[in-house]
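For reference, chains read A, B, C, D and E in written order, and residue numbers begin at 1 within each chain.
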Amino acid sequence: MISTLILGIALLIIGFYAMLTQKNLIKIVIGFSIADTGTHIIIVSLGYLRGKTAPIIDNAVNAVNAVQEVVDPIPSALVLTAIVIGLAVTAVMLSFIVEMYKKNKSLSIDDYQELKW
Amino acid sequence: MIKKVVVLLSIIGLIAIFMPMITQFQERENLNELATDYVNGSIHELGTPNVVTSVIVTYRGLDTLGEVTVLFLATVGVGFLLKGKSEDKIEISASELLETTSSVLVAMIMVLGIYIFTHGHLTPGGGFQGGVVIASGFLLMLLSNVNAKMNHSIMHFVESLSGFAYVGIGVTGLVLTVGFLSPKILPLGNFGDLFSAGAIPVIYSLVGLKVGSELTSILVTMGGEK
Amino acid sequence: MVSPIYILIMSLAVGFLLSIIDRAGRKISLTAFYGVLTFNVVLMANWLYRFVFLHVPTLVINTAGFKAPISINLELGLMEAFVLFFANLSGLLAAVYLFKKFKETQVSSLILYLLLIMGANGLVMTQDLFNMFVFLEILSISTFALTVLKKSRETLSAGFKYMIAGGVASTFFLLGVVFVYYFTGSLNLGNLSAGSFTNVGLVSVFLLSIAVFIELKPFPANGWALDVYQSVDSGIVSIIAVVNSAAIGFVFYKIMPLLPSEFLTVFGIAGIVTFLFSNMMGLKQDNAKRLLGYSSIGQMGLLLAALIFTANVQPSVRYLVIGGLFLNHLISKAGLFWLAGIVKQDKIKDWGILRSRKPLLVLFGLFIFALSGLPPFAGFWAKWEFVKVLVDAKMFFVLTSVLVGSLFELIFLFRWFTSVVKNTDETNEQLASPGKSKATPVIVFGLMAVISSFGIMRFFYEFNWIQVLPIFAVLAISLIDSLPSKVKGFLSLAAVAGYGYYIYPLLENNLQMFFGVIFIIGSAINIIATLNRKNQSRGFYGFLLMMIFSFGNLLIASTYLEFFLAWEFMTISSFLLILRGQKAQRASLLYLIFSTAGAYLIMVGFSFAPALSSSGGALINVIELVNLPLVSIIVLAIGFMIKSGSAGVHIWLPEAHAEAESDVSPFISAILLKAGVFGLLMLGISYISFTPSFDVFYWIGWVGVITALIGAFMASFQEDAKKLLAYSSMSQVGYVVAALAMITHLGWVSALYLAFNHMMFKSALFIAIAGVYYRTRTRKMYEMGGLIAKMPLSYITVLMSIIAVSGVPPLSGFGAKWLIYTAFITKGWYLQAGVLFFASGVSFLYLYRLIHTIFLGQLKYEHQDIKEAPVWFIIPQYIFMAGIMAISMFPNLIIKPLNVIAMKYFDSSIQIDGLTVISELGHWNGNLVMYVTMAVFAIPFILLLVLKGKTQKVKQFNIVYAAERPESPQTTHVAHNMYAHFRKALGKWTLPRVQLFWDSVAEWSHTLGGFFRRVYTGNGQTYILHIVVYIVVMYVVMGVK
Amino acid sequence: MIPGIIIGLGVIMIAAAFAAIYFKSLLASIIAAGVISLLASVIYLILGSPDVAMTEASIGSGLTTVIFLFALHRVRKGKSDD
Amino acid sequence: MSIWLRVLYAFISVSVATVYGLMLGGIVRKIYARVHGRYGPPVWQPFLDIIQTHSRRVAVSHGNMFLLGPVFRLAGGLGTYLFIPVIYGSAVFGNFSMAGDLLLVMYFIFFGQLGMALGAGNGGHPYSPLGIARGLAQMSTFEVPFSLAVIAVAIQYGSLNITTIVAAQQGGFMNWTLFTNPLAVIAAMISLLGMNMHSPFSIVLAPQEIPIGPPIEMNSSFLGILQTNRGLFAAAKLVLFMNLFFGGATNLLEMVAKTFMIYMFSVFVGAAYPRFRPEQSFRFFLKWPTIIGVLSIIFISYFGGVL
């Protein structure tokens, strides 16, 4: 659906915007997470078929002509995986931040540029 | 200032990259060949009403194994990073009432979680969702400070063994020459039954256990539990 | 055969269980851990063997009981097996390297490590795009977590930057994957091709490929990677640099078929840009690990470019280029990172500590050599073939960038190497023993470097054993290196004799024979001087033999590659010999840089040659290059002229000659320079039958005469005896080059005559000066004086040699002058002849300075008790003197054969009538000149003896000096700045413009490097911005619609 | 009908996204981010992906938010130590 | 011709040249003195000097090379002379010109200079190397126009063989190089000034700065030999110039006349100009004479020598 696609892209870009402008480490990760959500919405939007329902055979969907009635199951499967992975990455990022804070007592990304050139 | 302009430009650039996707977007009308195969295959070959589940557990089983691994890695990684040195817990004083209710609630949540992943092939939801539900039960436990110690070790074993068993099922498929991670190591059963769809429910249950324990581990580590 | 999917299975099973196993004790968990890693290696080794030797077809592994594209499938082919074998091997060895760490830290690190390796395996084998994403995440997350194996502020912030960058890249990758699915309905690589994407669909492959590309750290969107390389534990960094890069690089290789060719070209150029710029920025780097980081990034850029630009060449070449570059990078980078962990010094200048552990030093050198793409290591062959591919495809921008980038890399690597070897900071610090676990992987990879080089030579080329003899010489001598140096010296002499005996029948052409005499016999005589060595001189004879054998191999090369190989061996060995000099760090580096630049040009030049098959192409008729295009001739000429020290590219020459050990200098001057001459002659032969639109050799001729003049002037203004001789060599070889550039019979006769003559008198001079240096311990001529009384034999050598150099009759030097001027005037190169006359006049200045300031004038107090040079120095001098006398008396001894040599290519322009040589312009009877000279010398001599009456020999200071006794020898010895007036007269013409030019080139590249690396601000956010901007810019450049 | 819901949700989500960026309080930012995920799951439901909706609701808005909060707590804790 | 006859002829030839050369020296001293308003020594003074130096009882030597220096010097003079055919067509004055051509002569000049420089260096006096350094530097510069002139001559006559060059100039003075290739002759004549080390190019001997320079330590017989050579060597150079540029000589008289004129040229220039400083001298030779030399080559090679 185009509206959700636009929404997803918007969230993705807002997420990137946050990553590019926010100095606070946690906010950068929030930005990353927003971008992630945007990505997921994009994926699901691409799998959507107009007027069709979830790919689950039950009372609503007949096994015989299921093919004509369901949305694409593959993007759903992919997003499922992506969401879990997103969580994993977020968790590791956050634990980095926790440790960085322990060492440096700062949450500003500008305070972490001892390595350069 | 220059940086701001560059940021702005790069954002505009990003929009430009995705613009053609929007302007030339065509909503698909029909399933493509692969998806059609999946829907048909799921129903006729695997006997799994929830096509998404059959895709996740079977057709793209390797992804799921990988996904579980990613989560596992995150668990290990978070543990490795935080090393659990921090002694402080989240201090929420739990009243007796809360403790009692939460124990009951936890039990209920656990049952719900197990229900979700065992029925993954029939209804929406499955291992991941079930696992999260289980984890949320433990979260509740953690927050209400109930029996935290006992659970930790068990969590570990569940985490390791469920993962191992998952791999084991995969290898069984290889040994039986039906293919790695194939659900055909078990009979298909009746379409729509709980015990049907070959090994799908088994695998999904293991995934559920694994994910649940992994997420719990993450929560426990992040939450400051030793 | 066990399916490779068991790598995934075993790793996962053990990985999942490891935390439980660990409860039973770390020993058990470690056993399981190493067990799996070893299993991976063994399995992949087996598969690699099967693919290479049994030619089994590519293995397809389906999962879930369905065939692709229904289910995810894995593939294992030759390429996969190759990459994975080495990735797993590096994984295992890095794990061994980290053994102590793994014993101590949490079990988590083992799990992360194990799954990291698994992720790499999965990534390489999987054929499904989304599955790739999953494995990419497995690889990334485990790497992120492992970056803090050594937890510090630096590693944490570097790791965080890494994560953010990785996160951004994987977001784009995911989007790309899904878009691909949306447009094609498939995720399986087997179903997809570049044709699947049109118009808006291109966005999908763009996102996909740019994400992978970002992971491969393109310049400038790679600051995060550098921080990681610099800070993270060496063992883990080696994995990041090697295993991760290999796996992700392989992903790029796999998605390449999906990309339209315009994308690929842009990526290829971006890779090259990365290579060029990271190496340029490396120039300014002084942190060892960060330097390696720059190099790693550069190497990956090169590898990508190679992947892209070799797409259309035949598979064997492609395998060699990519495999060679990959292997080279993998082995040497891992090895160097491990060494960095052992040395534990951040700053390059503190690495001198490595000298206290010789075996590690040798390994260090090995990796540096390999990384720089020097033979026989894998990178050399890859570069050779790659250059050929680029030339064939006419991609000159890429070619230039590759070569310039390689040169930058070589510069910083060898600056490091030479500073390690030569650093004069006296630190008595001993490098702590690295321990078995840390040393073993380094040693294994050192061996791998050697084995892989021989493997490549064995599989891709057909070399005669003689072509690799130079290496075996080093190995053989290193086995007996504990013997006294004299024994080794005599053995070397015997080896050279044996070698000469062996190649003698192979020298079919007279020209080869002639150079054979210079190279082999000249070297053999010069070896005698080295017998004076008192200390053990470890390594010396190995490299010396390597050099001498390479000289010979140049002559018997039958293909371009054989020639080039010998050429490179010659460069390497001479570099190492020069490096042995006490203060030779700068000199040797300069030498290597220029030589390598020259070698690159030669490589390019050969690549232009027609009918060059992948095995190197044949030099028809052994030494004759055929049908070279004009550009090839120009490029080759410059390459050879660098070696012969022509003006403009000569600045390596004086330093190298001066700073080399004094018994090494004769080899460099008398023989090494002739290799360049030999190359130019080869070119000249191909030029005879060639009528170009642009007369290259005319200009070479000019360069030659200018070289002769500049060399003579510079020599006149030197205070250092060896530098003086060095510039003199430059000048003399300038004559040779100018003469052979005439491409006439007489020109060549004179060039060869002078070359031969120069070999003799310059050897003698250098050895004589070596003797003087040995006694006086100084090379400053003004610190000597009056040594004629103490070292008469050396004096006679110098006297005769300078007569021979100057061209004063009756000695052989005049023959050269006579031939050259006659040749020039006959050719019609009048002004050039005028310049040569000038140069020849100036040469008297430095020759007189040499002999006067050392042997004449006032003897210094501190030299009162000095003795004649050791006999080992005297013997070779007098052998050469005998040679000079022989051809002075009977010039036809040499002119006749030279006449014959040149007659092969031209009609003879001289007649030999008895003892008289008759040219178009005049005649010369060297024999008669000699007799007349003897007579006119003898008559006054006798007259003097008769007439002079009693001779009173007076003491040193008894001179007509305003009735005073001079204060000290110093005040009376006119030596320092002897030609000040001449310098004043020439004014600014004496400015060392060439030196200044190269200095500013060096400065520019450093400044540029320093400028560009400012993009790496260290701020993680800026790095994200770089990535985003990079993506946008690439989008625009690629013109995705 | 459905487009209306989606546009409505979309507007709220984008607003929440900006809120997440510009809120001074990290806690509020985290909650805002959680809201985005929660609303996203509604969108998934509309798009015929109940599985994804469940996952997003539980993982995206639930667990992720909790982990953020835990991390914030740890950081705050560290801050008060000084 | 038997070798002994040739040696005999050579002996005669050398004797004549030596006497002539020494007398030229005497005449020059006389002329200088007259120009300066003095009476001056007799023209045979050089002979007296030689006898006087040789009759010294004790020769002070600084070493073997010191001793050999003068020998080298005289050998250089002898050799140079002997490789030049002095009189065209004469067997007696044909010398050993079959041993080599013009290039041999040009390079043999250095033989004596080099040897002398070495001998002087062995003397240990600082003025010797100072003078030699100046001399070598100046030599390297004046050789430039000279060699350009020689090249021009070689182009013109297609030969470096002196006899051939002389032969080509026979048949009237208009055939002399002086008229067929005047630029080359100008260049060469300017270098001759340097070669003769007369003022303004007398920086080598420069009595005021480095009293007589290189031979400062020379005494007794050593000096005598040097003086002998001075006469012979001067004659050799003049003969060479005469052969190359002034049509050579077919008899002794012609030779004497021509060489005397050439010598006078340098003497008069020397008498008229004060001495250059070394760097001025070097620069001078590298400027106009060199340009003239280059022009001569250009003219001769592109326009066949016709101005």
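Here is the rule we go by: a contact is a pair of C-beta atoms (placed from the backbone, for glycine too) under 8 Å apart; a residue touches a chain by one contact, two chains touch by 3 or more.
In this text, all values refer to a predicted model and were calculated from it rather than measured experimentally.
A count of contacting C-beta pairs for A-D and for B-D identifies A-D as the more extensively joined pair.
Chain centroids computed from C-alpha atoms place C closest to the centre of all protein C-alpha atoms shown.
The centroid of the Cα atoms in subunit B and the matching centroid in subunit D are 19 Å apart.
Averaged Cα coordinates give subunit D a centre that lies 105 Å from the centre of subunit E.
Separating the CA-averaged centres of subunit A and subunit E is a span of 98 Å. Averaged Cα coordinates give subunit C a centre that lies 53 Å from the centre of subunit E. Contacts with at least two other chains are made by residues 7, 10, 14, 18, 21, 28, 32, 34-35, 38, 50, 52, 60, 63, 66-67, 70, 73-74, 77, 81, 124, 128, 218, 222 of subunit B. Within subunit A, contacts with two or more other chains are made by residues 1, 6, 12, 16-17, 20-21, 48-49, 54-56, 70, 74-76, 78, 80-81, 83-85, 87-89, 91-92, 94-99. Contacts with at least two other chains are made by residues 130, 134, 137, 141, 144-145, 148, 179, 182, 1025, 1028 of subunit C. Touching pairs of chains, sorted by label, consist of A-B, A-C, A-D, B-C, B-D, C-E. Across the complex, subunit A meets subunit C through its residues 12, 16, 19-20, 23, 25, 28, 32, 35-36, 39, 42-43, 46, 74-75, 78, 81-82, 85, 88-89, 92-93, 96-97, 99-100, 103-104, 109-110, 112-117. Contacts from subunit D toward subunit B in the complex involve residues 49-51, 53-55, 58-59, 62-63, 66-67, 70-71, 73-74, 77. Subunit B contributes residues 50, 52-53, 86, 88, 90, 116, 124-126, 128-129, 132-133, 135-136, 139, 215, 218-219, 222-224 to its touches with subunit D in the complex.
The part of subunit A that touches subunit D in the complex is made up of residues 1, 3-4, 6-7, 10-11, 14-15, 17-18, 21-22, 24, 26-27, 29-31, 33-34, 37, 40-41, 44-45, 47-49, 52-56, 70-71, 75-76, 79-80, 83-84, 86-87, 90-91, 94-95, 97-98, 101-102, 105, 107. Those residues of subunit C whose C-beta lies close enough to touch subunit E in the complex are 786, 788-789, 792, 795, 799, 802-803, 806-809, 814, 817-818, 821-822, 825, 828, 830-831, 833-834, 837-838, 840-842, 844-845, 848-849, 851-852, 856-858, 916, 920-925, 928-929, 932-933, 935-937, 939-941, 943-944, 947-954, 956-961, 966, 971-975, 978-979, 981-982, 984-986.
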